[in-house]
Amino acid sequence: MEMIHIIFLVFLGGAVLTYFAGKISKVLQDILFLLSVLVPASLFFTYVKIADSVTLPLGGIKLSWGLNHFSWLFSLIVLGLGSMAAIYAVGYMKGRERKGYFYFNFILSIMAMMGILLSLDLISFFIFWEIMTWSSYLMTVYSGNDIQRIGIKYFVFSAIGAYAMLMAIVMVHHMTGSFMIGSMINFYPNMSLSMQIWIPVLFLMALGVKAAMMPLHVWAPDAYSNAPMAYTAVFSGALSKMGVYGMVIVLVTMINQIPQGVWFREVIAWLGGITAVLGTLWAIKQDDAKKLLAYSSVAQLGYIITGIAIGTELGMLAGLFLAVMHALFKGTLFMVTGAVEKQTGTTNFTEVTGLIRKMPWTFFAALFAIIALAGIPPLGGFVGKWMLYEALITSNHYLLVIVIFFSSTAAFLYCYKFLFGFFLGQEEKEWAHVKEAPATMVVPMVLMAVMMFVLGTFPGIILKPINSGLVDLGYIDTFKHLWNSSVILNVWGDNVILQPILYYIIAIFVFFVVFLT
Amino acid sequence: MVGTPVLFIAIPLMAAFLMPLLGMIWKELVRIVPGLVLTYLLILAINLLDHVLVHGPIIEVIAGWVPPIGINLVFNAFSGFLVTLMIFLGLLVWAYSYRFKRNVDYEPALKYFLMLMMLITGSVGIVLTGDIFNMFVFIEITSISAYGLTAFYKGRNSAEASFKYVMMGSIASTFLLLAIMIIYSQLGTLNMADIARKIHLMNPTLKIVSYIFFVTALGIEAEIFPLNGWAPDAYAEAPGPVGAAFAGIVVKAAVYAIIRYTYTIFDLSGSFNFLILIGMITLIIAETAAIRQEKLKRMLAYSSIGQMGLVLVAFGFGTKEGVFAALFLMLNHAITKSLLFFSGSYLVYNSTEKNITEVNGMSKYLPITSLLFAIGAFAIVGLPPFAGFWSKLSVMTAAADSNMILIMVLVLMVSVIELVYYLRVVNRIYFFKKEENTQPQKPTVNALVVMLILGAAILLIGFYPDAVTGILHKASATLVDKGQYIHNVLSLK
Amino acid sequence: MIYFILIAILFLLMIASSVYAVIQKDLLYAVMATGIISLILSILYFLLQAPDVALTEAAIGVALTTIIFVITIRNTVRMEDESDKKEKFKSAVK
Amino acid sequence: MDSTYFHFLDYAVYGTAVLVMLIGFYGAMVKKSLLKIVIGLSVIDSGLNLLIVAIGYYKGGTAPIFSPGFLEHFKSVSKMVDPVPQALVLTAIVIGFGVTAVALALVIRLYRHHGTLNIDEIKNLKW
Amino acid sequence: MKKLLVIFLLATLGYYTAVTFFDIGFGQPHFVKGVSPVKDIYLAKTQSPLTVSNAVTSIVVNFRGFDTLGEVTVLFLAVTVLGSVLYKNRHEVGKRSVFFSASSIVTSGSKLLFPAIILLGAYVFIHGHLSPGGGFQGGVIIATGFLLMLLAYENYSVSHTALSVVESLAGITFAGVGLLGFMHGGTFLQNFLPTGVMNNLFSGGIIPIIYIAVGFKVGAELTGVIYTVLHEKGESNG
């Protein structure tokens, strides 16, 4: 029994046990839930080494799972955010009904995401992909009024995507006689041209749905805003990254290999750009924090898609860095919204105001996250966006730069709206009784806020794994030559001279905000 | 060896004739005896299947006359697998309906269990027999039991559904007899293997006409598209467990018959494409009809019709992989659709209309039943890690290997439709408020156990498909190997 | 030749009674017509050298089926109710 | 039995049988009365049975019964008509009777509920 | 419109059926060249190992005895289904529908005829292997006898229990003989009795036994059918 097997078994057994533990004691259920997320996470980071792989023969097919640098990077997102969200969820779910159901699906989602990342063959990839889909679906319809429409919209889109992927998988199997991802990649140059185009397109359909790429994003705002916030943090932060993860692999290993791939990348990059602009514009119109964040997620995913679709080293780096950052700040923001929702009962800006004194820690986390989202230094968002601009300019996508720039400028509007709406403004009597969220909810938020700060200040921490992941995918090592050429990395990656000045700026900013209230 | 295939027919018949007498001794016996018989048959079937997988097929001759003179029963990996599946399901249906709707008193109970047992026996006979006229007789046994079971409830619509079924069934038997006689008039034999050996001598026009008559006749029982008018009503009006028996047993037998005719008896080259065509039409029409249904059981019925269409499509590939996929589908469909019927009939137990809206919010009152229904729904649309996924995957793989891209696209598109209507029901069960006028009914212990067994089977196959794939591979190899079948049957002395 | 005419008459009678059975509104007469069909069939079976079948047809087709039909008609209605909705509408107008 | 008669029969038996079947089909499919439908079904059965028995017939054949003295007189069995279709028809007739009885029982029950035999008025289910 | 469609459908069906059967031909050997039809084997074996006079009987009861078992089951089931479909609770059971108030001539005539009919039926199924007729025909004749009595006497009733006992016993005899054959010779329904001399009453091995069982069974079943249907007095709406 290899460690990877054990991890999956712990997830699975933990999910089932947690579900039934609710019948015995609520506290036991919470503890079991935390254990079944945190134990596999720590097992994973301590015992599983890069290039470990295990197999499991099943149904005449050899399922094989293994780890490389690239999937390790995403495992970091999934398990990191997952653990944080799990701790948060214990507080968030207190007193809610159907906790067992929530925990069960939560654990299954995390397991499925890990499964996707570890899969070396298409069948287990698909299996975990579908488990992820239905467990997140079950979360989407957990509460709310309009679930019949929202849930089915989400599932139909996912199913169309998944079935497109299934078609691609069986076609690959027909051509290569194997379900291994490796053999698909090796065989790809020998395929006929139509297959060379169809296979990536079918895969991209599935991945694009999860990554909320433009024509396939329809489900996303509703689903994100309808799921419980503790889960949406994972849903938007980590689960959508599975689409990005797959996209990177498809783009790098397939589309980049053929001459026609240029057009592909161009189209996808533009789709990402349009997604970013429209998502931002939609987000501005929203009055509800959940909806706003949901649309903002769509927009942010647009940046990421643009970044990776450009396909240069810097673009990849930017996209993946943004992916990590997005997981952090969007996770935090959803958690904040959840905290506000739990304490006040609503998430509408027009109703809730002036919570800054009532919920200072929450405000602190929200502030950091918003700054990161808006791309203001010194937090992580700025680094990512800067790299993205650089990548776009160096690859001569001037028009796209304008689009992206417009989008990120417009993003300030909703950032402000969020911050102002909840925390600043008049303190009303109606909310006088509101207290700070419980510690289990505050701690993860603050931790993540701190994380954002650290990563913004020392982007090298996360850029190193990204770099080694890209090397795994076949990029040349960017560590030396690229980092030199990029202004911002040059300055912040290696030495921290500008740091005090930037802190100063940020302090003034904070002061200004506080003063405003 | 512990027994022979003829016991599958003789024992239940004996028991059926005995049951009225036993009922005079102790009334409860009429409920118990079918269970005992089916348990014995299940043990027998498993033993024989085990034997067959190792030692090759068993050909049982009747009345001491070797084929082609007498009637023979063929128990090979293919038919044996189906027989085992049918008897297993039959046993579950029996256990489920043991105390289903308590208001059933002695006389109806006797008739219900008698008809149920004969339904299973007839279906098993269809699968086992090696003689086309004998198959006709078994089809009639099955149909008459099915008519009776459909009209079992006293409600006003059940007789109507049953009458419709009788009409279609009579027309089916007319066509079947015509086809049998056309073949007899040319080849002078009724034995399947003998016919298969001589079929190339036959006039092609007559061959095609008789094949079409066969498919028309069996298509009525197998719910193929233009001939499935009876099915939704019969499923909806029959008692809940009987719906499961129809979907899991009767239809499987009819599909088996079509497949036997297509694969073994006839050597028409176009018949495989014909199967794909009718299967595809059935699939598409049934699934689009299912999404419009307002009654739970009608929806399940249409879904069942659609699944049979998919099975025919998979058989129509004509390859060993296709047969494997089709068998896998049949297995999963039998298990899953039974579970859906079982749990569904408790979800709408006390309602007269059986509308889908009446399942609203049942999860609070019937948690286990609801959970099992959800598992069944997830399994039938092919979500991993439930059983349905593996069969869907194998269908897709088989289609890709036959280069049928269009079929794949259509099948997957239809799957999305299927997904929508099942999810709608699951959503209603879990996330809607209960309607005021519905009264949940706790399932009886035996019903609960039956449902749990089926749910466990779905999970078992989902997590460990190797539990069944070995048998399925052997069975599909047996079906494809036509020459071996003929040799096995006709080499008896 | 006499056979020829006899057989021809039997055939014609059979077709005629089947048509009659289908179109006759009085169900009792229609059932009688099916009885006649069975009777003719029985004779034909004898002519076709199938005495067993003839005997069975005579017993089941002529006697039993007809009787059961008749009993059913006694229990239900005698006349076929062909009144369409149109006609009902007409009578309602009147 | 002269040959003209049999030439006539060549077409007439099959023709009559098929025609009767078709008339029965017509009645079963077009008529509105439940009883008429059942009558139609039984007419179909009649035509079908005639068709099947006719297949087994050989010109100048005798009934398939080895009455005393048969073998002395004919020497071989080739003069006998084919007994198999007759055996099958025997089965088919009995089964047909069973089905008819069931159908009539259903008719009675439908009448008990609806008070009419007209299909248009009974249609509770979609047809 | 519907009628036209039906006529078109039927015309197609009729055309193809007619063409098919004209292809097959009437009254002459129609088997494809080179095949040896099983009927030759049947006719040959009917004489030598079976010593049955009536070839149809030998086929129905022996060669294809399994079909007959199924057929008997179909009738048995039909009775069951009939009972189930027309089942009424005790207090609902209506009076039997009366066809006519029978005159004394009819009643006494029926009384006279009844034993004769029963005897005829018994004769027919006992001699099933020697002459035309057999279990089915004899059973039907017996049932008509009961029908006559039921029609003539308003109060005549047949014990339901007796019917089902006869039916069950006959059915068990059939299946039991089959199983005895299975134990004796290894195959179901195999003959295990001496076959006797052709055209004797005691010939044909198990065939007469089976046919007698079938006769009783069919008689009881059909009587049951008639009885059930007769007791169904519809509450007609005027």
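The chains carry the letters A, B, C, D and E, assigned in the order they are written, with residues numbered from 1 in each.
Quick note on the criterion: contacts are C-beta pairs under 8 Å (C-beta built on N, C-alpha and C of every residue); 3 or more make two chains touch, one makes a residue touch a chain.
What you see is a predicted model, and the numbers here were worked out from it, not measured in a lab.
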Intersection of contact sets, chain A vs chain C, gives none
Min route length, chain touch network, chain B to chain D, equals 1
At the largest C-alpha centroid distance from chain C we find chain A
Ranking C-D and C-E by C-beta pairs in contact puts on top C-D
Reported most central chain by Cα centroids is B
Between chain B and chain E, the Cα-mean centres are separated in Å by 30
Distance in whole angstrom between the CA centres of chain A and chain D is 73
Cα centroid separation, chain D vs chain E, in Å, comes to 16
Dist(centroid_CA(chain B), centroid_CA(chain C)) in Å evaluates to 38
Two or more other chains are touched by the chain E residues 17, 24, 30, 37-39, 42, 54, 56, 64, 67, 71, 74, 77-78, 81, 85, 132, 136, 225, 229, 232, 234, 236
Listed in rising order, chain A residues that touch 2 or more other chains are none
So chain C residues touching two or more other chains come to 50-53, 56, 60, 64, 68, 72, 75-77
Pairwise touch list, complete, is A-B, B-D, B-E, C-D, C-E, D-E
Counting only contacts in the complex, chain E reaches chain D at residues 2-3, 6-7, 10, 13-14, 17-18, 21-22, 24-30, 37-40, 42-44, 46-47, 52-56, 59-60, 64, 67-68, 71, 74-75, 77-78, 81-82, 85-86, 131-132, 136, 198-199, 218, 225, 228-229, 232, 234-237
In the complex, the residues of chain B that touch chain E are 4, 6, 9-10, 13-14, 16-21, 24, 60-65, 68-71, 107-108, 111-112, 114-115, 118, 125, 133-134, 137-138, 140-141, 144-145, 147-148, 151-152, 159, 162, 178, 182, 185-191, 194, 198, 201-203, 205-206, 209-210
In their shared complex, chain E is touched by residues of chain C numbered 50-56, 59-60, 63-64, 67-68, 71-72, 74-77
Chain E contacts chain C in the complex at 54, 56-57, 97, 99, 124, 132-134, 136-137, 140-141, 143-144, 147, 222, 225-226, 229-230, 232-234, 236
In the complex, chain A touches chain B at residues 57-60, 123, 126-128, 130-131, 133-134, 137, 141-143, 147-148, 151-152, 155-156, 159-160, 163-164, 166-167, 169-171, 173-174
